[in-house]
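Got some structures for you, see below.
Okay, so chain A shows up in both of these, paired with chain B first and chain C after.
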Partner chain A sequence: MIGRLTMKETGIGETFGLGNRELRVEKVGWWQRLVELVSRNPLVFIFIFFIIFPFVVPYKALATQIIIWGLFALGYNVCLGYTGMLSFGHAAYFGIGAYTAGIVLIRLWQNIWFSLLCGLLMGGITAFILGYLCIKRRGIYFAMLTLAFAQLLYFVGFQWVDLTGGDNGLRNIPAVPLSIFGLSINIYTPLRFYFFVLVFVASSLLAINRILQSPFGHVLQAVRENDQRAKSCGYETSNVRWMAFVISGAISGLAGGLYALYLHFVGIESLYWTTSGQVVMMTLLGGMGSFIGPFIGAGVFLYIEDTLSVITPNWMIFLGPVFVLCVLFFPAGIWGTIKDLSTRRRK
Partner chain B sequence: MEWTAIVMQLFTGLSLGMLYVLLALGLSIIFGLLTVVNFAHGAMYMWGAFAGAATIAITGNFWLALVISPLVIGGYGLIIERGLIRPLYGRDINYPLLLTFGLQFIMIEIIRIFWGTSDQPFSAPASLSMPLEIFGVFYFPSYRLFLIGITVVICIVLWIFLEKTNLGLVIRAGTRDPLMVRALGIDMRRIWWLVFGIGSALAGIAGVLAAPIRSVFPEMGIAMLVECFVVVVVGGMGSLKGAILSGIIMGEASSITTLFYPQMADIVIFLVMAVVLLIRPSGLFGKAGLLE
Partner chain C sequence: MGEILKTINLTKNFGGLSAVVDVNFVVKKGDLQSIIGPNGAGKSTFFKLITGELEPTRGQIIFFNKDITSLPQTAISHLGIAVSYQITNIFPMLTVFENVRVAVQSRKTTFNLWSKAISHKEFVEQTRHILEQINLSDFKDEIAANLSHGHQKRLEIGIALATQPKLLLLDEPTAGLSPMETRQTIELIKKIAQDLTIILVEHKMKVVMEVSDRITVLHYGKLLAQGTPDEIRNNEEVRRVYLGGVKI
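Right, the complex of A and B next:
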């Protein structure tokens, strides 16, 4: 594609019966073409990018952290971006996933696949139970309820010292080698662990992509756009939202499990409201309702945090205003704004 | 267990409930009129406590702090509404939530920068530090009695303001049907502005009142905010009657649980909320389908 066909408001066309408009071919810059290409095939570009990614960031552990949080934000985005439910309590599913994976590894069975599966399932089950109570109420109520129930789980985790280690966190999660096809591989070098996480990120992306393109995924977006209309088309919208919430919780649980493996430790703050706050900020900063947005958001957030926390412990004083400005002026987030700029007609 | 201990604990619960009532009232009137859930309400409560601490540090006068703090926080609320929340009217209902959510991070961080992360000392005025003896059996801390008394006074003043004044009439009408009020030639935006200020001032005064009985530190508002959400959800969103009743219930529930099973004290209000939601999804006094 060389240019884009646009219409321009003029006064000339009227006499020729073209209405008030003029057709013209507009030149399109290389970056606009790139943005268009990326937004058409987000998965391909994400995969290519993430294979190069660990070699361009300052250190590989940061890359791992970014894709784990990106995965969490991706799961969160199923809830906020694709279904339009603003949850302030996703720390619950992330934290539950992390604790479950850790506890399974310590007490039950030293198998990485099994522990992550448990993390994913527990994230989903928790979302299933809490979702039942939260989904009944929409909008503002939903936001408040999700926050309240996440805080409840935080207190439970805090008090249940025998299981979670309470304030000290869950320590000494064993570094179990990965067993695959009878081989036993040590994954605990920064680069290997990055690609191990990337496998899960990639499968989650493919799974979510599949779900969103299914009829169910279209109903999700219909619910986001117009709940009443979706309802009058015969869809039980509260069940649809509940399902989306469970999927979102399961992916958050998986991200939590990966985070537990990455740190060999689960802190009580993984259940705290700051964790929920971070994922909300990442998703909004990056741009909700897309595959790329959450990863951009996670990347920007963690990179700023990483750079600033060396200088000052009060790094939030910079990120907070960025977030507020983003809500005020760029509600579409970084990726959404880039996309808007590239497709905006020139005046 | 001594029955006097139970009565004392009920009394402590009532004073905790009063803090919930003050905060929940602020949340509720802002929500009822503006349909904005102020996620920075907890941070305003915290700022109220710090503004009080600063006033006391400078003047040494608790009563002055009790006056200055709500004025400062109320004024701050007016600025926030004008500068940050007003541009978001007419947009998706989630944006004011997100904005105030981000705002509380900034507010907490500012306090951390100037005061550090440790607890601030804040003692009740000397005239209220002696326990009050009743029948020679009960020793009620007089500060808590004062807290209960002043909350009752505030509730009554608020009730008179809303029910008996012209402005209160406009506010109530605006809660029902803002479009109609506007058609009658009243600038709703100024009313919203004012109500946001009043709500913030209530958070500020709750902060000063809470300071002597709860510790003063930058994150003190977080747990309080969540608890007030619980109170408001149980009472029914936007209902002032509900906020008062549910605030007292929650204060008592938490206080009584502390006596019998302290590990559950933080959790019990959430269980009450879950039960209420299962039985009455719109809360005790909530209207079904409000803003859904």
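Right, the complex of A and C next:
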């Protein structure tokens, strides 16, 4: 018999420890089992999926774009989903990461590893500094502060033409071959570049998964659930949130660095608030409770953009309502809703 | 035995309202000391002053001969004072097990990013022990928000116990419980009181008279009387203002 046992408390007569419990057997469809399997072992499925992914999208560069933004959204979700901090300024860390990687390649050292490392570190350092200034505030004040600082960086980037190229963006980032074990590999075919990016995305996923399961990761969730109680248990919750913010900024910086390599160019809008808005939308669209959510969000967002922007430059007009409907009717996001549907118990 | 906690002229004003006024209060090591008083007497505020959640307007708090008056809340928690709140204050979307486990962990580590939380055997062991004490072992994988009120109240106590306090503050642990659940909570309090100093705020006089070594009466933030249950029972003034003249 294929089924699932669910225990349901029947309430009223429930007393000390042992309640009245009712066993029931439910028929479970194949898709429900699939969803359960995926949410049990999200990493395995993400990796399998990512290997097939570039072969099922309309063109390979779209797949690359989706996993880079997915990585950004994943980093963002450390803040929003796991620690409960709504930041409206993550463009700062993404943009700084992108500019840093680009500028390093143009001016400092034509080494891809080093440029990405710098992007990651600068994302983290920027988050460390701005986080210090924002973290004491909560809720809407925190959101507004992060937004204000990100806009400040945008104007700096805009004005500092010598370094950033200002309005024209940072152009001519060299397509440096990848050096590994003394070999020099050209990674700039769409498929190779996809798998190159995937290495970083996969490593970040493993690292974040590890962090979330660590004692610190559990404190993060406690802080999200009840900051005041976590404090009364002796946790310095503002330091905990600060640390989460730095990790989030570093991952966003890495994503920015990869984006700079992908485009050979960094546009000033990477620091603009629309970039922050985009990552918020992707995360909410996909669902912030899980690993998979942000990637699904990034995928859906970019796929819709890709399809509609061919038809009309005002594609946002169509994406906007999709987003609003999603937030209104599926607050758990796409993946959250799928999961809920598959585990919903019959009344 | 020695004093574990002492407050000297402890006062808290909220704007024009004096919630706690010049309270001189002592708890001896090993005692179960109750605080009673009508709603709004300042009992919860008094607790928040001790735990460092609120800053006193005036006065001093001494814990193990150390002045803790201006220490931050987290430092006071690490010195060994824990509170079980009047208004249930748990981690709602975490499991019962994790609610307690994360509180146990607070004594040892915060910024350990790389090991697995569940691989820390000593945390898991202590958590199991506490779940047994508060009799929630059967519900360990339940999401805390889904528990009944009675179970949440016990989890609340479990979280406080998990931080291994030397002094435990219990703010109305039986509020809203059925007679049966109240009974269980009393037994739990009696059990943990064997090796822990406790300050208990409680409205049910039967409970207070049964478990307390000493009782303190607060009235409009002022200390009205202190003594053994028998002394309080026979105190004319207490009976007039608080017990409504009823003999208990």
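One rule holds for everything that comes next: the second predicted complex is superposed on the first by the 328 of 347 C-alpha atoms of A that agree within 3 Å, B and C clash if a C-alpha of one lies under 4 Å from a C-alpha of the other, contacts with A are read in each partner's own complex, and residues count from 1 in each chain.
In this section, contacts are C-beta pairs under 8 Å (C-beta built on N, C-alpha and C of every residue); 3 or more make two chains touch, one makes a residue touch a chain.
Not measured: the values here are computed from a predicted model.
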Fit or clash - chain C, chain B, common chain A: fit
Contacts of A:V327 with chain B and chain C, given as first, second, both or neither: first
Where the C-alpha centre of chain A sits as vertex, the angle toward chain B and chain C in the overlay (nearest 10 degrees): 80
Chain B versus chain C as contact partner of A:A260, first or second or both or neither: neither
First (chain B), second (chain C), both or neither touched by A:I317: first
Touching partner for A:S232 - first (chain B), second (chain C), both, neither: second
Partner chain(s) touched by A:I187 [first = chain B, second = chain C, both, neither]: neither
Partner chain(s) touched by A:V280 [first = chain B, second = chain C, both, neither]: first
Partner chain in contact with A:I103 - chain B first, chain C second, else both or neither: neither
Residues of chain A touched, compared between chain B and chain C (which is higher): B
First, second, both or neither for A:L145, with chain B first and chain C second: first
Closest Cα approach, chain C to chain B, once both complexes are overlaid on chain A (Å): 12
Contacts on chain A seen with chain B and repeated with chain C across the two complexes: none
In the complex with chain A, residue positions of chain C that touch it: 51, 53, 73-74, 77-78, 82-83, 89-94, 98, 101-103, 105-107, 109-118, 120, 135-139, 148, 159, 162-163, 180-181, 184
Contact footprint of chain B on chain A as seen in their complex: 86, 88, 133, 136-141, 143-145, 147-149, 151-152, 155-156, 158-159, 273, 277, 280-281, 284, 313-314, 316-317, 319-321, 323-324, 327-328, 331
Chain A residues touching chain C - in the complex, by the definition given at the top: 14-18, 210-211, 213-219, 221-222, 225-226, 228-236, 239-240, 243
Chain A partner contacts - residues on chain B that touch it in the complex: 31, 35, 37, 39, 84, 87-88, 91, 93-95, 97-99, 101-103, 105-106, 108-110, 112-113, 222-223, 226, 229-230, 232-233, 237, 263, 266-267, 270, 273-274, 277-278, 281, 291-292
